[in-house]
Each structure stands twice: as C-alpha cells, then as structure tokens.
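Look for chain A in each of the two complexes below; its partner is chain B in the first and chain C in the second.
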Partner chain A sequence: MNKVLLIFYGGNQLSEKKGSFVSVEKESDINKWMQAIPEISLMAQIKTVFIDRNNKILDKDNIKKLIHYIEDNIDKVDGIVILNDTDTIPLLANQLFWQIQNPSKPIVITGSNVIEQDNEFLPDLSFKANLINAIQVVNSDLNEVSVIYGNRVILAPKIVRTKLHDLNIFKSIDKEYLAKIDFGLSIKSRIKDKRKAKYYYDFKYDFLFFNTVPDIKILEVLLNEDSNLKIIVFKALPNQIIEREKLVKVFNLAQKNKKLVIFYNQIGFGKDFFKDTILTISKISPECLTTKLSWILGKTKDEKKIRNLLKKNIQGEFLN
Partner chain B sequence: MKLYYCANLDKMNDKEWEKKYISIHRFLVKNGVSLVSNVEKKMLKGENEARKSISYDQIEAVIIEGTHIASDTVYIIATALAYKKPVLYLMEKGHQIPEQLSYIRKDKNLGKNFFLKFYKSAGKEIETVIFDFLGLLESGSLMKEKVNVKFTLRISPRIERYLNWKALNIKKSKAQYVRDVLNKTATEDKTYKSFLKKTEQMF
Partner chain C sequence: MWIKFSILMLVALLNLILGILISIKNQGKEKFIKYFVLLYFSATIWTLGLGFALLITDANLFLIIARVFYVAATVIILSFFMFSVHFLYSYKVNKVLKYIIILFTLYIFYIILSGDLFIGVYEYRGLMHELEDSTLHLVYGIYFIGIMIYSHYLLFSKYHKSQGVNKSRLLFVIIGTAISFVLGTFFAWYMPYINKHYLDWIAPIFVFFMTFSISYLLFKKENE
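Presenting the complex of A and B:
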C-alpha cells in the first residue's frame, strides 16, 4: 500500500449534509476528520501534517513552511496531497510549480469548495471523491504539481477558475488535461526533461500587476523611485496597446524611476513593436506569470537576467 | 436501473476469465440493467463512448468480479462507497480474500454498503447472487429512494378532474399525490412485504 502525506493547509470542510461540517482547524481535529472519511485509508497509508496559517492566506512564511514539509518528507512517501481553499488553489498551485521544480513524486492539490449563500454554507459534496481521486493520482505516479477537482486533473500553469460551484470549477486554459476521471483515471503525462528536483525558498512580490493601464498621474505617484517596487505588469487591453503616445509616457516614467515595464496579453501580440523597451509576454496564464515573476525576483535583481528568464520557457509554462 | 460493472482487464487475455466476465455482462444486460462497464472496452475493442459521459452520481450500484483484484479496484470501491453506492464484490469460491478488503469489512460504516459474495466456479450460482442483489437494490432498502423513473400514465378526463381537485385541496402536485397513494399501497401490501423479506434474507 502506498504512503501519502496529507497536508492540511486549508479547505478541508467535510460534509454529508447541509449545515453540518467536520473540519480541521488544529492538529487535534485530524483524528475526527479521518474517521469521517474512512474511504481514503483503503487506498493508502495516510500520514498527516497540519500547517497553522495563523489566518493568513498564501503568506510567504506559510508557503515556505509548506515547501519545507514537502522537501523533508517527499522521500519518505509516495506522494503528497495538499488541501487548500479553492479560491487560492490556482495561485498556490502555480507558486509551488515554480518553487518545486521537477518534483520526484506527485504533488496534488485539492480542496473543499464551501460557498456562503443566503446566510448559509453550502457544502461541497464532491470533496470526498476529489480527495480519493487525489490519492489515486499519487498512486498513478504522476510526478507533477497538479490540481484535481471534479473529473479533471490539471497541470498547475494551465489552471483557471471558471465556476463558483459545480462539478468542475476549474478548467485548463488550453483544454489539455493531465487526466480525466470517469470510473478510472485516464492519464496523459507530458514529456519532460529528466532533471533532479529543485526546491527554491525565495520568492518576491516586488511588482504591481495592473489589469489595465491606469492614468499616468496615478502611475507617477505609484512609481516612486525609492519604493521597493521593481516591475509593473500591465494586462493590456487591445486599444491601450495601440495608444502609442500613452505607452511612450508609461515607458519614460518607468525609465526615470528605474522600473521594468511588462505588457502582458494571454493570447499574444500581433507584432513585437515594443522591442527593447517595454517587455511583452504572452501565452501564459496570469497566475503563472505572477508566480514566475516572483520566483525570478527571488533569484535575481539584474534587469537583463529578469528579461531573459521571463522570455525563456523554463518548464513548459508557455501555452501552445 | 443503471450499474457500473467492472472486472480485472489484465485477466481478459485468459480465455476462461474473458468468458466469465462477458457472461456476467450479458446476464446483467439480459436482466434489464443499463450498464456501464470497463469490460465493454475490451468487448468492443475500443473506447466505450458511454463510459465518458457518466459518473458515480448517475449509477445506483457497482458490481465487481474481483477474484483477481485489479490495481484500480480499491479506488473504484472507495469512490463508490464515498458516493454511498452499494458494492457487490464477487469472488470465486476457494480464493483468498484480498488483504486490501479487510479494512472495509472491519469498518462499520464502510461495511454497510459492501457485499462480498462467493460463488461456485461451475454452474449458475453467480447468476443467483447477482439476481438477488438486483432484487435488494430494487427494494430500495439499500439507499435513499430517488424519484427518477419516468412513467407515462394515460387517464380518463374524469380521473383527471378528480386529480386536479385533489391536488389543489391537499396542496401537492398531482404526481406527488399519485406517488403517495402508491407508496401507501406498497407499505400495506403484506404479500409484497413478505416477498421483500425473503429476498433480503436470501442475500
């Protein structure tokens, strides 16, 4: 029987019916929780770990703690299942995708999607099945950081949330799945270079990610030269990309304040007319770009290196 | 009634087992069960389209021929039990119970919906076991009854007038009223009750 390390990081509310939950909020709750889901003990020997987040969501120290637990235990088990709140699963999955590269064992994330509606909490009745499927992913030796929810197993950089409450609340950006589930797992593993697993503990969020290009006057205030901010990313709307006069102003302002400007568009740019000035990045999910940038900033401050690493396809993060 | 039936596909290369797995499939189909099965994949020599569009939500139970346990059998059992679906696990007499199943049999909650049954390799005993299990499922005693069987009923204008009047009076839908009347009749039917009891005891 395989050994699985189950990490309680959040999103673990089990429920059989409306309004009644069994959840783990402290280490001592684990036993009761495990008794409520005996099915998982059929499939693997479960070792559990509780990470107290101190009510902080995706906090840097907590994520470092999580990476430590994974690195310290991964050789003792056949795989790791992390429970997390569904709202932050895409960001956590992507962060782990960058901080733990080429994992030697499967690292699977899932969670209970409890929704508050009309002053009551709607349980996630598919959580048990998701957890069982997560353990089956471990049993299938899928050595990736992946997310399982509903009938889909998604590679971290491709995940996107599409629904609030449904059988599937996530989809893959390019509709390619690591596995689909019906009465079994049909795994479609990707071709990867055989490299040793690498753990990175540093990541920095010294950048701003705008969903549009704001007014220049607002940017003047934000782009103060003395701030820690190093990079600004604009998820640009098409009309803003072609508004050259504004772009020149944004670029000049960034140059003056020694900041790097990135223009991001998921589908791509018709032509690279910002060459050597503004950096353009495309064909990557916003969560993946954000976490990749944070990983790069954890490694270097050198602008040239940042540019090169951002453009380089490091571990299959760019979409076809 | 919709069921998931699975067998160990690795044993399908063995003619004897292939024949057994297929005969169970045929027996279930012959008995009016709407079936989803991994065996079909081999029978049809390709991907089974039906398998893709269905999940545990839409089936009522799982039947496993598990004399030779497959690598994903425990996964199937765990998922079925998590969905509270009864599992009939069939084994040929003379074989040892797989170690993986001991946990289910020990756990009171899991054991409730797990039925391990042995049958003689030769003869029709396996069919009797399956038939009794289907009877048990149909009796509704294994799970909460779902109102999901469509039924067309033609009635006279006079009965319709009565139904309309009655539904309005008792503030229920016409369908619910008819269901309640039938339920009451079934509960009070002593002959039917003794038939159900006999089926359950036989299993």
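Presenting the complex of A and C:
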C-alpha cells in the first residue's frame, strides 16, 4: 500500500451529515477527523503532520516549517498531500513551486471551501472527493507541485480562482491541465528537465506590487533614495504602455534613486521598446510572479541577476 | 446469419477500441482501471465467441468456442466485481464472502472446462447450438447474478458516501453497467435457460450502454 504524508496546514473542515463540521485545530483532533473519512485510510497508509500556523498562512517561519517537513519525509513516502484554505491555495502553491523545485514525488495541495453567505455556512461540495482524488494523484507519476480541486489537477503557475463556490473553483489560465478526473485520472505529461530536487528555505517579500501605476507624486515618495523599498512591480495596462512618457519618468526616477522598477502585464507587451531600460515581464500569473521574485530575492540582491532570473523561463512558468 | 455475425463483430471491435482508449487515456496506476480494461477485453472475446459460434458446423470446434465464451463471460463478471471493489478506494470485502466467491468461481471454471458436464451441443439446420445442463445452468445464473448484484451494491454504497465529482462518476458507472448487465443477463442467460437460445446473440449489444456512459465520462467537454 502506498504511503502518503498528509499535512494539515489549514482548510480541513469536513462536513458531517447533520450539517456540522469536523476540523483539525490541534494535533489531538486528527484522529476524530480521520474517522470521518475512513476511505483515505483504505487507499494508502496515511502519516499525518499538523502545523500550527497561528492564522499566518504565508508567514515565513510557517512556510519554512512546511518545506522542512516535506524535505524530511519525501523519501519515506510516495507523495504528499497538503491541506490549505482555498483562498490562499494559489499563493501557497506558487510559493512551494519556487521553494521546492523538481520534487521527486507528487506534492498535491487541496482544501475545504467553506463560505459564509447570508449568515449561513455553506459546506464544501467536493472536499471528500478532493482528498480521495489527491491520493489517486499521489499514486501516479505526477512529480509536481499541483493543486487538485473538483475534477482538475492544475500546475501551480497556471492556477486562477474563478468561482466562490462550485464543483470547480479553480481553473488553468491557459486551459491546460496536468490531469483531469474523468473515468479515472487522465494525465497529460509535462516535459521536464531531469534535475535533482532542490529545496530553498529563503525568500523575501522586499517589494511592492501595484495593480496600476500611481501618480508620479506618490511614486516620488516611494522611490525616494532614503526609503527601504528597493523594488516595485507595476501592473501595466495597455493604455499605460501608450503613455510612454509617464513610464519613462517613473523609470528615470527609479534609476536615479537606485530602485528596480518592473512592469508586468499578464497577456504581454505589444512592443518591447523598453528593452534594456525598464524591466517588463509578461505571460506569467501575478501569484507566480510575486513568488518567483520572492524566491529570487532570497538568493540574490544583485540587480543584474534579479533581472536575468526574472526573464528566464526556469520551470516552465511562462504561459503559452 | 451474416447480419448477426457482422453486428457482433462490430460490437467486439467497439469493445476492443474502448478498452484500448481507457488504458491509454487513464494510464495511471489505479487497479480499477486495469480491471475495467480486462472487463472490456473479456467482453470482446465473449462477443467474438458468440459471433463465431453462429457459423460453426463442427460439433467439437463449437464446444471449444462455447467454453471460450463462457470463460470470457465469467471473467467479465469477476473483473467487474474487482472493479467495484477497487473503484475510487478499496472496499474491504468480508473474508467469508471472499472465500465463498473464490470457491464458487473455481467450481464454475471446473464445470465449464470439464467434459460435457455443463455445455453440450446439438445440430439444427446444419448449424451447431449449445445446450446447457439446466441445473448447472441455473447454478451458473445464480453465480453470475449474485456477483452482479453484490458488485452494484458496493458501487451504490460508495455512491451514497461520496461527494462532488466522485458522486457523478459513480452515477454514470452504475447506470451504464446496471443496464448493460441486466439486459445482457436476460438475453445471454435467461432466454437460453428457458430454451430460447436464438436470442442470446443480442446480449453483447447491451454493452453499448456501458460504453456510452464511460465514453461520456472520458470525452465530455467542460465549460471553462
């Protein structure tokens, strides 16, 4: 029988018949929770780990603890299933995608989606199925950091949330899925370089991500030479590309105060007239970009290296 | 005769194609996939056997073919049983029941393969037809229908406990297989049991319901 490490990181509310939930808030709750879903024990030998996040889902120490458990146990099991709140699954998945590169076994993330609507808690329609199917994915050769929800197995950089409450609340940005649950598990293999698994424990969020380009007066304050902020990412919309003068002003200001400015647009830039001046990044999800940048900043402070690594397609993170 | 033969060859080909498609598309390590593919390959052999039996004029050759399609039919129900045990997750079958099924299966294979204990042959209008011993035919029916009912019971109890996408998967499987097995058993076992062998060739056609429901699961396009 396969061995699975089940990590309780959050998002584990199992609905019971009477409309109540069983959840794990401390280690001693695990037994009762496992009894509510005996099916997974029939599928694999389950080893459980509880991480007390103290409600800090993406806290650096918690993520390091998570990576540490994964690195310590991955050779002793056939795969790892991580439970997390659905709201932060895309960010967590992308963070682990960068901090654990070329995993030697499947690392599957899923969670329970309990939402409050009109003073009523709506239970998850899929959690039990997601757990059972996550263990099916562990039994396959999908050695990736992936997310399973509903009938879709999605690679971390492609995941986007599209619905609040449904059978499938996530989809792949480019409609390409690692696998789908139809009759069985239909796997679409991904061409990957055969490299050894790498674990990175350091990452830094010493940057700001703006969804638009603020007024130049605000930027003068942020990009001030004395401010601790070294990197700013701006989400550039098409009309802002046309407003070239404004962007050049921002760049010159950043250049003068030795700050790195990055322009980001998920769909792409029509004309790369910025080339060697402003750093433009496109065809990557915002979660993947921020976690990639945090991983890079954990490795280096050198601006040239940061630019090169951001532009480089390291793990197939850029979309078609 | 040639029309019946052609229909059965077409059904056998469809079963073979779907068996291959399932094994290619769902190439994971799941046990239930392997058992379901075995079911389809056995259904192919069963259908081919029934088809060729329509044309045989030699009694000895007919007996061999009849044994082949009875063995194939037994493998169909056994593989379906194993599929229902392992679909999604493995169900723990009661030990006593497990031994009963094993012993009963061994007895069934014995009666099929030994001499003319179970299966006989007679000639009618130049063609050969099978003639089963009625008591053993009844025993075979009890065995087949018993495992069919128990397998569906396992699937139903999994359906009852399931949620989300697994619930709909189970529903399609249950509906497709139940219709196929009930109608198939009616024409392949009951009609011969009441000495109306001439309709047994229809039974493989009902595999179509299972084929349709599984194909729908495999190939349906989602709204993104």
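Throughout what follows, the second predicted complex is superposed on the first by the 315 of 320 C-alpha atoms of A that agree within 3 Å, B and C clash if a C-alpha of one lies under 4 Å from a C-alpha of the other, contacts with A are read in each partner's own complex, and residues count from 1 in each chain.
Throughout what follows, a residue touches a chain if its C-beta (ideal position, glycine included) is under 8 Å from a C-beta of that chain, and two chains touch if they have at least 3 such contacts.
What you see is a predicted model, and the numbers here were worked out from it, not measured in a lab.
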Kindly say whether there is room for both chain B and chain C on chain A in the superposition, answering fit or clash.
-> clash
Please indicate which partner A:Met43 is in contact with in the superposed arrangement: first for chain B, second for chain C, both, or neither.
-> both
Scan A:Ile187 for contacts with chain B and chain C and give back first, second, both or neither.
-> second
Would you check which partner chain A:Thr86 touches, where first means chain B only, second means chain C only, and both and neither mean what they say?
-> neither
For A:Asn62, is the partner it touches chain B (first), chain C (second), both, or none of the two (neither)?
-> neither
Using the superposition on chain A described above, determine whether A:Thr291 touches chain B (first), chain C (second), both, or neither.
-> neither
Go through the superposed model and pick first if A:Lys128 touches only chain B, second if only chain C, both, or neither.
-> both
For A:Lys175, select first, second, both or neither according to whether it touches chain B, chain C, the two together, or no partner.
-> second
Out of 2-10, 146-154, 164-172 or 182-190, where does chain B run into chain C after the fit?
-> 2-10
Chain A contact set shared between chain B and chain C covers 39-40, 42-43, 128-129, 132-133, 136, 139, 151, 167, 182-185
Inside the complex, what are the residues of chain A that reach chain B?
-> 1, 37-43, 128-129, 132-133, 135-136, 139, 151, 167, 182-185
Can you name the residues of chain B that touch chain A in the complex?
-> 4, 6, 36, 38, 51-52, 54-56, 72, 74-79, 81-83, 100, 103-104, 107, 109-110
For the chain C and chain A complex, residues of the former touching the latter | 22, 25-30, 32-33, 36, 88-92, 161-167, 169, 173, 214, 217-220, 222, 224
Residues on chain A engaged by chain C in the complex (per definition of touch) | 39-40, 42-43, 124-130, 132-133, 136, 139-140, 150-151, 167-168, 171, 175, 181-187
